[in-house]
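Next up is a structure, given as structure tokens.
Should a chain be cited, it is by its letter among A, B, C and D, assigned in written order, with residues numbered from 1 in that chain.
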Amino acid sequence: MEFGPHFLLATLEGALTAAVLALTAVGLSVVFGIMRVVNVAHGEFFMLGAVIAWFVSTTVGIHPAVGFLLALVVAPVMVGFLAIVADQLVLRRLDYDPERTIVATIGLLYCIQQVTLMTFGPDARPVIPPFNQRIALPWFELGEQGFQVTWPWGFGVTTYKLAVIMFAVIILVGLWRFLARSKFGLIMRATQLDREMALAFGIPIERVYAIVFGLGAGLAALGAVLIVPIRQAHYLMGGEPLLLSFIVVIIGGLGSIPGTIMAAILIGLSDGIISVFFSPTLAKIIATLLVAFVLVYRPQGLFGRRLP
Amino acid sequence: MKKDSTKLLSGVSRRLALKSIGALGGAAAFSSIPGFTGMVHGQTDEPFRLGFQVHRTGIGAAYGRWYERTTNAAVARINSQGGIDGRPIEIIAEDDGTDPKRGAEVVEKFATQHNCDAAFGTLFSHVVIGSAPRAGELKLPYLVVSEGHHVASGILNRYTLQPCITDVKSQVQAMAPYVHDNLGKKVTMIYPDFAFGHDHRDYFSEAFARRGGTILEQIAIPPAETAFTRYFPKIPRDTEVLYHVMVGPAVLTFVKELGEFFGGSGPALFGFIDSLEAVDINSPGLEFLDGSYFWEGMPRYQQQGMLAYDAEYRDAVGVDANGASVSDARDVSTYAHMFGCWETLHFIRDIVSRAQGSSNMKQAMIEAAESVTDITESIEHPQGNKLFNGKTHQVFGHQYITRVNGGRLDAVHTTSIEDTFYPDEVDYTQQEF
Amino acid sequence: MATLSLLTTRRVCKNFGGLDALTDVDFELPRGQVRALIGPNGAGKSTFVGTICGRIPPTSGEIVFDGQDITHLATHRRICLGIAYTFQITSVFSRLTAYENVALGVRRIHGSRWQKVHSLVMEALDRVRIADLAEQIAGDLSYGHQRLLEIAMGLGQSPELFILDEPTQGLAEGEIEGFKDLIRSLSGQTTILLIEHNMNVVMETAEFITVLNAGRILAEGTVDEMRHNQDVQAAYLGRD
Amino acid sequence: MRQNSNVVALHAGILASLLILFFITSAYHNGNLARIMVLAVFAMGYNFLFGYTGLLSLGHALFFSAGMYGLGISMHHLELSVLPAFAVALLFTAMVSAAIGFLALRTTGVAFMIVTLMFAQAGYLTILLFGKYTRGDEGFVIQQAERTLFGLDLTDPSIRYFAAFALFAASYLFIAWAVRTSFGRCLVAIRENEARARMLGYDTARHKFLALLASGVLSGVSGAGYALLFGYAGATFASVQYSILPLLWVLLGGSGTTLGPLIGTAFAFYLVDISSEFTSAYLLVVGAAIVFLTLFFPQGLAGEIRRRIAPWLP
């Protein structure tokens, strides 16, 4: 493929990664930023979202779109609820100690994975997208005969991929407004700034934490439902979103939601675009080192302020 | 022989009887070999303890589940026929997490804790390579069902064998003539960027070039990748055949995105079924695969008049004519590989019988195996005739090329065993025990 | 002159994002003196000592210690030259024993000569009268004892210049008396820079006083001179 | 001073019991213990940085695999014998650790976690990229015949056991000694409050660098030892999982204790090994056990012993 269309295609693919990553990472970011908890099981909540989506959409056998739409609501709610239970049973009892929560969430990760393996099985399972048309894309060239429209081989996108990007944007904008305008958003920010002070003002910290943990997990699940018609549900699928979200949250600056979203776009796009220029594994190495070096020279992240 | 089979026929169902007639076919293959004395000459009540390394968790879990089912079916059959050398098989199955470290630990456990007579069943190459040194040191016969080129390349040891599944080097080089003559002369390869993929890259390119074809581009996909579309633009426009192989949980995504990329106007596709093992060929998004070609170790869909013992084998394992579980049509098996477990268990029965009476049973098993040459198609070996090379500890067998045709895979070509040959790279018989 | 004064700062300025915390501070501390640094809240006292011991880099100016320009020296280097600093907010290692807290400072100088270290640690603890608490976990000590431990940590290093940032804050009456005795016993051997709000303590221990106000040196002089200085009184009364 | 004799007795007792265990346990547990001792060196190296210095790295698989491949490549491709190969492995790990220390120590806290994670990922991918020499994920075997030292066959179970013991004992004694030096005490001070340690005149940057170097090299010793004694080098050991495992072992055993890494490694090993005999869902058992331990033994097993019974525990 010519450089131009190739670049654009990689950018489109990058945008898709970025959209889903933004949702998942914002989920991790609120948990990280507000509760100071490194939730290693975040990727498993993502995975559960995908698995539940598969279950709902195959059980409700009316029309793929109906099942999918239902999953879009059911999966995040169920996963969020499960996360709240985990918070109440485990994290709260650890007093949200940073080190111990890491270990405890590793334990949760094992439990969730194994239960999924035993119930859902080890196979990758597809979910039918509600709609999916391939749109071949044109390319414009200034050739000998002047301005020309060509249809490069393989240059296209599907309607569903575009819809995922748009839907993610809508959700993120909505979430942003919710956190900026609502009383709960205010409470969350107050808790994030100063836990002791929030307690002194009578904010029920533990309830806030439970909701935040549920919200974070729900967002991961939502991201998974959106991606599962493109990439199938599998019990080990949680590793990559965890790693990427983790990176995005740090690069974006701890607890900064706009920063997280910017970083998701940056990481998603660069992951796609670097692959245009280098051989795939080398591209991965370069992208990984890039993240490392950004943090070495800007430990507070690209969009964050230096921590005191 | 006759006496044995009549003994078996008394008091067993007709189905079992049919199977044991098949067993006779298998036995016949060995009857010419000296030392073969039969199957039901029990000497001890002690069970034959067989360590089974299973990928129950980790990336190999989809394979592991079916390896386990196939193994259980084979064990049931062998035990109903009197076991191994009169001893019932006791399977000691342990999860290796598809991890070489745990794999090695499990092999140790088989040898030193459970006092197993042999270990078998491993699929993923890194687990094999991580575990084999321990098996060799502990002098435990280790029979793998991995299709890796590790055994025949000579890096392992005298106690490690791959007796019933052809290795990847043979598989891919046997594909080259058919691809060249029927699909196209200009090939682009897509494969995972790790050892298994590199074997495909190296051995196919070599064989294809020998045949006179050209490899246009080799695209290695990083491991654990979940999105593939961005790599496809690297496929050159004049590609006639796209050769693809992928493993791991994202295989379905890979194939789907490949279809979406070309939107029905791409080159001919030739793939290794590894990309779609345990995946229903009729999954949503795979429609475009219609008309594309696959390598299969053993055809997933039952073929008319091809493999004489296929139906009976399916029946024993619990797989329907479409290669899915008889109890759940959505539960697709890893049919192209799992026959290796069935055949390996029968192979073990045979070599043990022939090693019978030796004071050092484990060493004698290896020696017996090394003297095996022809393996005849039978219910014990339903995948087809094979030729075992005692020096390289590797078997060579027929390979199948199938074509997707209206939602099923129809066989279009069977390679000869000779197509899979390559010069020996090791002579394990020269190594000390 | 240079040999006489242990610490000299010249035109030290510190600007925090547009806010002048220190402006042209010229300061001279002779060897062996007990100097009090006083001034209203926000006068820049802690910032000033921060620039001396390296916690806060000055925007401009220079700092000379024992004849050596230390303006750009790393914190730990300055400490190694013989500056000890006790924090205004107690900053002991709260999960380690009192003994270990002091020993950390002593070992930096005397390394692994365990006997020597042991005797110096016990001596330092003894001087602040908490030797009996040596094996207690520092975080379990009372606030007053933690303040004393903080001082002992400084003492353990046998510093040339001992900077004490509000050492008596939170001490009980009896402990303050003990503190005064301690300072008196150190005078002559150790140069002391004392930031203190408790005028009683200042008057009884300091030989010389520097008054800082709004980031500038307002006045300097002996205790008596300062007691009668109009500007100083105005600065304090104006605020309080 | 009574505590000192306690500590000495403990160290001697631990090493002596490991020796005795060889003679009283079955061949199976013998093999396991050899493995546990080698991996405990990894955990001890990790603990040196995490437990004592307070730096949480998520990239120690890089150091482990540097040692593993340092030895593996030198023996497999350069055909060096064991001792020079081991030296190469250590040198290589030291270089890698120094480079990572130089870069990653510019950060702290979560940024340090991610930076180390990223470097380790890059290392893992590099191993795959040079698949021609490393055989990528599949790895390669170090042949039995090559694994001899002073004419001793390292693949013999008892020699393997004592070789593992030697590695363990050397590392254990090194750690036990290092944490009692003023250097080691300063690391603890850095863990507790780095700014305060600096105000006591310690060059904390240098201390952290040396701690990371020692930690990396110990991990490399473990990786090289593993490759040597178990005959395999593969990219799996460079994956994220092997960065999380030492953290888990240390936290289970008790971070900041000399004994914790050994206890944690042994505990995690037998937890998997025993539970997998009873149930195929052993990961569930492991996961639940981890959650349970963090809830009720927050300081790890050795940490709890120190808190409840023996406060002098080093």
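The rule we apply is simple: contacts are C-beta pairs under 8 Å (C-beta built on N, C-alpha and C of every residue); 3 or more make two chains touch, one makes a residue touch a chain.
In this text the structure is predicted, and so the values were computed from the model without any measurement.
Asks: Touching both chain A and chain B, which chains are there?
Replies: Intersection of chain A and chain B contact lists gives D.
Asks: Looking at C-alpha means, what's the farthest chain from chain D?
Replies: It is C whose centre lies farthest from that of chain D.
Asks: What chain sits nearest the middle when you go by CA atom centres?
Replies: D
Asks: Counting C-beta pairs in contact, which comes out ahead: B-D or A-D?
Replies: A-D
Asks: Chain B to chain C: how many Å between their CA centres?
Replies: 77
Asks: Taking each chain's centre as the mean of its CA atoms, how far is chain A from chain D in angstrom?
Replies: Averaging C-alpha atoms per chain gives centres 33 Å apart.
Asks: Using mean C-alpha positions as chain centres, tell me how far chain A is from chain C in Å, no decimals.
Replies: Those two chain centres are 51 Å apart.
Asks: Let me have the rounded angstrom distance from the C-alpha centre of chain B over to the C-alpha centre of chain D, please.
Replies: From the centre of chain B to the centre of chain D is 37 Å.
Asks: Could you tell me which residues belong to chain D and also touch two or more other chains?
Replies: 125, 128-129, 282-283
Asks: Would you please write down the residue numbers of chain A that are in contact with two or more other chains?
Replies: Where chain A meets two or more other chains at a single residue, that happens at 113-114, 117, 239, 281, 284.
Asks: If every chain is a node and each touching pair gets an edge, what shape is that graph: line, ring, star, complete or other?
Replies: Shape = other; not a path, cycle, star or full graph.
Asks: Go through the chains and record each pair that touches.
Replies: Contacting pairs: A-B, A-D, B-D, C-D.
Asks: Flag every residue of chain B that touches chain A in the complex, lowest number first.
Replies: 57-59, 61-62, 64-65, 193, 219-222, 224-227, 229-235, 237, 249-253, 256-257, 260-263, 265-266, 278-279, 283-285, 331-332
Asks: In the complex, go through chain A and note every residue touching chain D.
Replies: 32, 38, 40, 90, 93-94, 97, 99-100, 102-104, 106-115, 117-118, 239, 243, 246-247, 250, 254, 281-282, 284-285, 288-289, 291-293, 295-297, 299-301, 307
Asks: If we count contacts the way the header does, which residues on chain D are in touch with chain A in the complex?
Replies: Counting only chain D, the residues touching chain A are 56, 103-104, 106-115, 117-119, 121-122, 125-126, 128-129, 240, 244, 247-248, 251-252, 255, 281-284, 286-291, 293-295, 298.
Asks: Quick one: in the complex, what on chain A touches chain B?
Replies: For this pair, the touching residues of chain A are 1, 5-6, 9-10, 13-14, 16-17, 64, 113-114, 117, 121-124, 126, 128-129, 132, 134, 136, 153-156, 158, 230-232, 234-237, 239-240, 272, 275-276, 279-281, 283-284.
Asks: Quick one: in the complex, what on chain D touches chain C?
Replies: Touch residues, chain D against chain C: 181-182, 185-186, 188-189, 192-193, 195-204.
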